[in-house]
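Labels for the chains are A, B and C, by order of writing; each one numbers its residues from 1.
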Amino acid sequence: MKSPRAITIGVTFIAGLYFILDFIVPPTLPGASIRGVVASTVPASFTAKSGDFPAIPYQLSDQGNMRPQILVAQRDVLGKPKLASTPLRQVGPGSTATIRLGPFEVQRVVGGPTDSVVGADGIWHSLKPGQTWVDSATTFPVTNAKPGMTLYIEQPNAKIDQVDPGSAVLLIGGKRINHRLGAHTVAIKLSRYTAGSEVQLDELKAGDTVQFGPATTFADNRDTAAQFNLVITTMAFGIGILSLGMVHSRQLIKRPKGWYTSIFFFAAIVLGIAAGLGKYEDPGTSSRAFSDFMVMRVIAAVSSAVFSLLAFYMAAAAYRAFRIRNGEAALMMGSALIVMLGQTPFGSYLTSWMGERFSAFWLPNIAAWILRVPNTAMFRGLIFGIMLGAFATALRYWLSMERTTSGE
Amino acid sequence: MILFSGLILWKIAVAKRNPEKVFIRRIAGLNAIDEAVGRAAELGTPILFNPGTDDFTSIQTLAALGVLAHVAKRSAVYGISIIVTTCKPIMVPICEDVLRSAYEAAGRPELFHASDVRFISTQSDLTALGTAALMVDRRVASSFLFGAYDYTSLLVSEGGQLAGCMQIAGTADYYQIPFFIASCDYIVMVEELFACSSYLSRQPVMLGSVAGQDFGKLVLLGLIGVGVLLSTIYGLGNPVNGFERVFTF
Amino acid sequence: MLKFLARLDVVPRRTIYIFLLIAAGIPFLVPIRLPMYIWKETRSAFDATQVVQPNKVVAICSNWDPGSQGENWPQYEAIVAQCMVNHTPFIVFSVDSDPVSPQLAETVNEREAKKYGCVYGRDWVNLGLTRGAPLTMGAIGRSVKSVFQHDYRQIPTQNYEKLPLMRRVRDVRDFSCFWVVQYQPDLNWVVFLDPNSRVPILFACAGIGSSGYYPYLSSGQLKGMVVGTRGAAEYEVMLRDKFGKRFDDRELRGQKLVVPLAFGNLVIIVFIIAGNIGTIARRRLEAQAKVFR
């Protein structure tokens, strides 16, 4: 059927293109950006309105904890709703957000419980209509502010009314240019040795080199795109359990030789679930004790035992494989022996008698030279080969040129 | 990226016009696949395939799937079953699909059984032990270990040694290669793994991409040569050396 | 004599296993201490962790599991001991690792905290496990709290009363150095964690995979590396030299485990040499048999 294949090819191409552009394309459109040295800035500001209350003005300037945060509702990787801090350029007039200031510790309350409080920083904080106190630990609204509490001031479900992205005076070619930021302008702070990172306007200081330009929004959606992978992986875990369950159920029904091992599989599933449920219980409870026992005494011990098999297998494999058949094999064996001895205390013990003057001939130093020089050169060559091979394979899959796995 | 993509696509275009002009040297490990399949046919026992410890997001696993498809097509001719073991649940439907497509392409769709693709455990060491136990229980004649491997590579390959089966391994994880060399009969190393599906299918498009990646290596060698020469003349860290500035980050 | 030597060519694997068991087992019964030579990359890692800038924290990605605990556990203990003896605040988390990794890390953290009087929330925070590498690595570099909304004990990371340390942890610019403790640390950390920030990235890895990281050490992308149990033992020696009696090395296993490792390596070397002697002797015998025929 050609049409589903065409759709698959198209979706694969677009998905690959998105991720490639995400890493290639800078946060600002190259041709439309302006670069200069900051002389001064006028901070961004906006107003937010809740219900019938008058709009409250906020200024995004460096006020420490009291700098307003714009929080927008999102879902985390488990699907739970959460409030995530968002830059001003990603919200606009008409957007709904929660505006939060703080946290600050209450020193004393002046007037009624919701009138005014004095923070531990000595600053008066009072609520405007539409705002509420919120406990910093639980994020639940607080009706009575009390000394000792750590609070936020929040304006929940506020509609952004007016936005002023601010402006900056830049020095470009000896001239002062007043650059007014647009609604979706990104500010990238540059430095001599780095490619730059996005900052907010109030984080810029006089003397900083900055690039302003329209955002390409690739980087903004990167985390959302990453969640697709998580969803697929989690779904696949269920498929794996189902597949195993089907295989072992068939074993129990048909009862071939060794069928009783399938009983252990189902018992292990039940024990594993019981251990997992107790993992986050308080220490001292029986379920937590059971979970710790299963993890630390059973799973950890079994995994260590399996890993320890490697030591014996390695000894047998090394004995079998390291034979001098020709000159290259002799060179390989010689360097292997030097590196093995050099990595153990015996290496320094065997050669340290030579003294500091001949420290270049100590086994650990020779081993270190082998690892840092010829080994590094060899690995660099390998890495180039792997990189190009992986690149070519990925290109074939992205452009749907890889036919072997589809049976063609 | 644009340069290397351009080189690869150019070589693919050249290969499409003149397929006989593209030469790939002999890779012993891949030539031995037929021998391994033949051994399984003679003994009448299954083949085992393990696509490594990573999932489909690893390019090595994708390369391994190409080998799986080829091995499946070859064994379908003799009616030999393949057992695939994996430690990633997401690889189960992917491997099932590859096997099913390969058997259908070979005209033997009845050979496919869903139970031939086994997810053993999410822990790679337990999967390795399970794979080794399977090799002994089912008297596997030949085993193919292709893909990304971690420290459990020796557990699987040594288990195969003890079971007496013919083993062909392929990985780009360079620290696991010594273990495979010590315990497997044939090994496909590093970049040869990425050339596997091209080498086995002999399709001009695929051969062209391998030739393109070799051209890319020549370009890199050239850049290294120029860089070494300029750094020798100007010294390291000299601001006059613009070439060094371009490639430093 | 040649016949006896020729038998060394085909030593049964069980004999090798027995000798290895005895050689590696003796140091557990007879306490032996061996002198340690400090490698340059271990010293670099130690110095990078020792020099902590004010208001910054050490970040540790603890991805080791029960399978790799032989090498990674002593390394992790030594790094945590260094942070705690200095009272350097640190955060610990796991990315795409075994689900028990945070639990194993916390066991070590709690034990060392008792020795040095460190308090959870103030001196260290365990952020638990997350998934989705490599893009999660970039996300951690941009905003730690957006990836970890709760810590390992399910306390919200914005709860600065219970976790005052998290007040100063925002993104990668708040890290003084970044450790990855794993059997084979993922090189994607070097790419995705935000190479712009110039945070020193340090690896604590198993000996077998360390050779692949030397190109990155040489180019400066990695600032230091602790290799296997040997590296952990070297780290403990440096801690003792630096802090003297303040450093409590009871229950630390680096220097204890390096001795059986050394004896085990010696056994393997002896058998390799013996095997080659056996091969030469067998070839001589075969040549002699041909001459007599």
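The rule we apply is simple: contacts are C-beta pairs under 8 Å (C-beta built on N, C-alpha and C of every residue); 3 or more make two chains touch, one makes a residue touch a chain.
This is a predicted model, so every value here is computed, not measured.
Chain centres here are C-alpha means, and the one lying farthest from subunit C is B.
For the pairs A-C and B-C, the larger set of C-beta contacts lies at A-C. Computed from the mean C-alpha positions, the centre of subunit B lies at a distance of 30 Å from the centre of subunit C.
A straight line joining the Cα centres of subunit A and subunit C is 22 Å long. Across the assembly, subunit A contributes residues 195, 229, 233, 303, 306-307, 314, 316, 318, 320, 379 that each touch 2 or more other chains. In subunit C, the residues that reach two or more other chains under the touch definition are 67-68, 211-212. Residue positions 123, 125, 151, 174, 249 of subunit B are each in touch with at least two other chains. Here subunit B touches subunit A in the complex through residues 1, 4-5, 8-9, 12, 55, 57, 59-60, 62-63, 65-66, 68-70, 88-90, 92-93, 98, 101-102, 104-105, 114-115, 117-119, 122-123, 125-126, 128-129, 151, 154-155, 158, 172, 174, 179, 181-183, 190-191, 193-195, 197, 200-201, 203, 205-206, 209-210, 212-213, 216-217, 220, 249, going by the rule given at the top. Interface residues of subunit C facing subunit A in the complex, by the touch rule stated above, are 11, 13, 16-17, 20, 24, 34-37, 39-40, 65-70, 100, 103-104, 107, 131-132, 135-136, 138-139, 146, 149, 154, 156, 158-162, 194, 196-198, 207, 210-212, 214-215, 217-218, 227-228, 230, 258-259, 261-262, 264-269, 271-272, 275-276, 279. Of all residues in subunit A, only 76-77, 82, 84-85, 103, 136-137, 150, 193-197, 222-223, 225-227, 229-230, 233, 279-280, 292, 295-296, 299-304, 306-308, 311-312, 314-316, 318-320, 322-324, 333, 337, 340-341, 343-349, 352, 362, 364, 368, 371-372, 375-376, 379-380, 383 touch subunit C in the complex they form.
The touching residues of subunit B, when paired with subunit C in their complex, are 123, 125, 150-151, 174-175, 249.
Listed in rising order, the residues of subunit C touching subunit B in the complex are 67-68, 98, 183-184, 195, 206, 208-209, 211-212.
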